[in-house]
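Sharing a structure with you now.
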Amino acid sequence: MKIGIVSRKIISTEKNKRLEGYPLYVLDILDTEGNLTGESVVAFDTVGVGIGEKVIVTIEGDAAVQLIKHKDAPVDAVIVAKIDRIDEIEK
Amino acid sequence: MKIGIVSRKIISTEKNKRLEGYPLYVLDILDTEGNLTGESVVAFDTVGVGIGEKVIVTIEGDAAVQLIKHKDAPVDAVIVAKIDRIDEIEK
Amino acid sequence: MKIGIVSRKIISTEKNKRLEGYPLYVLDILDTEGNLTGESVVAFDTVGVGIGEKVIVTIEGDAAVQLIKHKDAPVDAVIVAKIDRIDEIEK
Amino acid sequence: MKIGIVSRKIISTEKNKRLEGYPLYVLDILDTEGNLTGESVVAFDTVGVGIGEKVIVTIEGDAAVQLIKHKDAPVDAVIVAKIDRIDEIEK
Amino acid sequence: MKIGIVSRKIISTEKNKRLEGYPLYVLDILDTEGNLTGESVVAFDTVGVGIGEKVIVTIEGDAAVQLIKHKDAPVDAVIVAKIDRIDEIEK
């Protein structure tokens, strides 16, 4: 999984009908320090994310499709959790 | 999924017969700001895309193949939606 | 698989219920020389890792989900082994 | 899928027996402009490619294995089509 | 698949029991010219590789797991062939 920040919402009317019913967001992927990596991904939301929230995104078709009602949906990325905080581990 | 812009069409006569019946496009992948990333992908179109349109592409074999008639087609990328617009989320 | 070092723990209360029961860590991916690559991944722990340990992480939905109780969990990375040491092979 | 150019042939006698029967090539991956990206991939040929030809390669285990006789072959990339030409789309 | 050179062996005692019985190596991935790319991968050996040998590695869970006795092993990379030589194709 990757850490991402919810940055944009995608509005799409012409799409495959199996993609309907889940909001579609652009996530900016963050590195370990919480900085933007420059990479982004489009993901479905199954958690109910809010503005600018940090989330965990699962990026892989087989894994991602498990949370979607339509098991044959062409989905490869899903928001699976909100992040409360990230604790540094004492070394 | 990734955001791409339809940039070229591929003409191929010698190909696996399970690939027939779907137009094959080159998509330039865009970053969060809508700029070209330099990455590109070849994808089947199942939506009916037009010239220079922004689309969402699912990149992953299992997920992608769901929209194709031949379930055993060797496909790893499919155009799944057109993008009307991308809204910035107020922070 | 990749070599990673356990660097942070993620605290998440709002998440999919199929993700519950496994600690969730941020791993920094290491290169052949043991240096940080700058890449990181969020992974479930099924081994019982400790502070700053070097581990092997499997990154791929189908493979990763095999170690999870919920076979339909949306998981794409799992810690599968601790590394005792890495031997250079004499050439 | 990606666009590649057939650049080298791999000769391998000690290999898994389920890999036998298909020629194995090195492909240099090309970008949208047809320039080398520096990335390369090893792929099976199921089309019958010739010298220096531009081809489409499917890169993903589940999708790739569909064209191989042995359904349990450990294959993650297959040449699926020859490219006649790539048309720029008028904007 | 990718071309790699066997560079290190990983010693791991605490690991998932389904990972037992196969030696675990670090491979340095090579580019088309045979130079190091800086990328590395941890892979199981099912061929019986020796010191500094060039090999082909399949990187993908579904494909990789086919060669492993435990079909539910959390494996995403397997050495599938030794390379005798790589022939440049005359253009």
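By letter and in written order, the chains are A, B, C, D and E; residue numbering begins at 1 in each of them.
Just so we're on the same page, a residue touches a chain if its C-beta (ideal position, glycine included) is under 8 Å from a C-beta of that chain, and two chains touch if they have at least 3 such contacts.
Worth saying up front: this structure is predicted, and the values here are computed from it rather than measured.
Participant: Tell me, which chains sit next to both chain B and chain D?
Facilitator: none
Participant: So if I superpose chain D on chain E by CA, what angle comes out, to the nearest 5°?
Facilitator: Nearest-5 rotation angle for the superposition: 70 degrees.
Participant: What whole-number Å value describes the gap between the mean CA coordinates of chain A and chain E?
Facilitator: Spacing between the chain centres: roughly 31 Å.
Participant: Could you please state the distance in Å, as a whole number, between where the Cα atoms of chain A are centred and where those of chain C are centred?
Facilitator: 19
Participant: Please output the residue numbers of chain A that touch at least 2 other chains, ranges allowed.
Facilitator: Touching at least two other chains: 60-62, 64.
Participant: What order results when the ring of chains is traversed from chain D, passing next through chain E?
Facilitator: D, E, C, A, B
Participant: Can you tell me which positions in chain B touch chain D when the two form their complex?
Facilitator: So the residues of chain B touching chain D come out as 6-16, 18-19, 24, 26, 28, 38, 40-43, 51-52, 60-62, 64-65, 72-77.
Participant: Going by the contact rule set out above, which residues of chain E touch chain D in the complex?
Facilitator: That would be residues 1-3, 31-32, 46-48, 56, 58-64, 66-67, 78, 80-91 of chain E.
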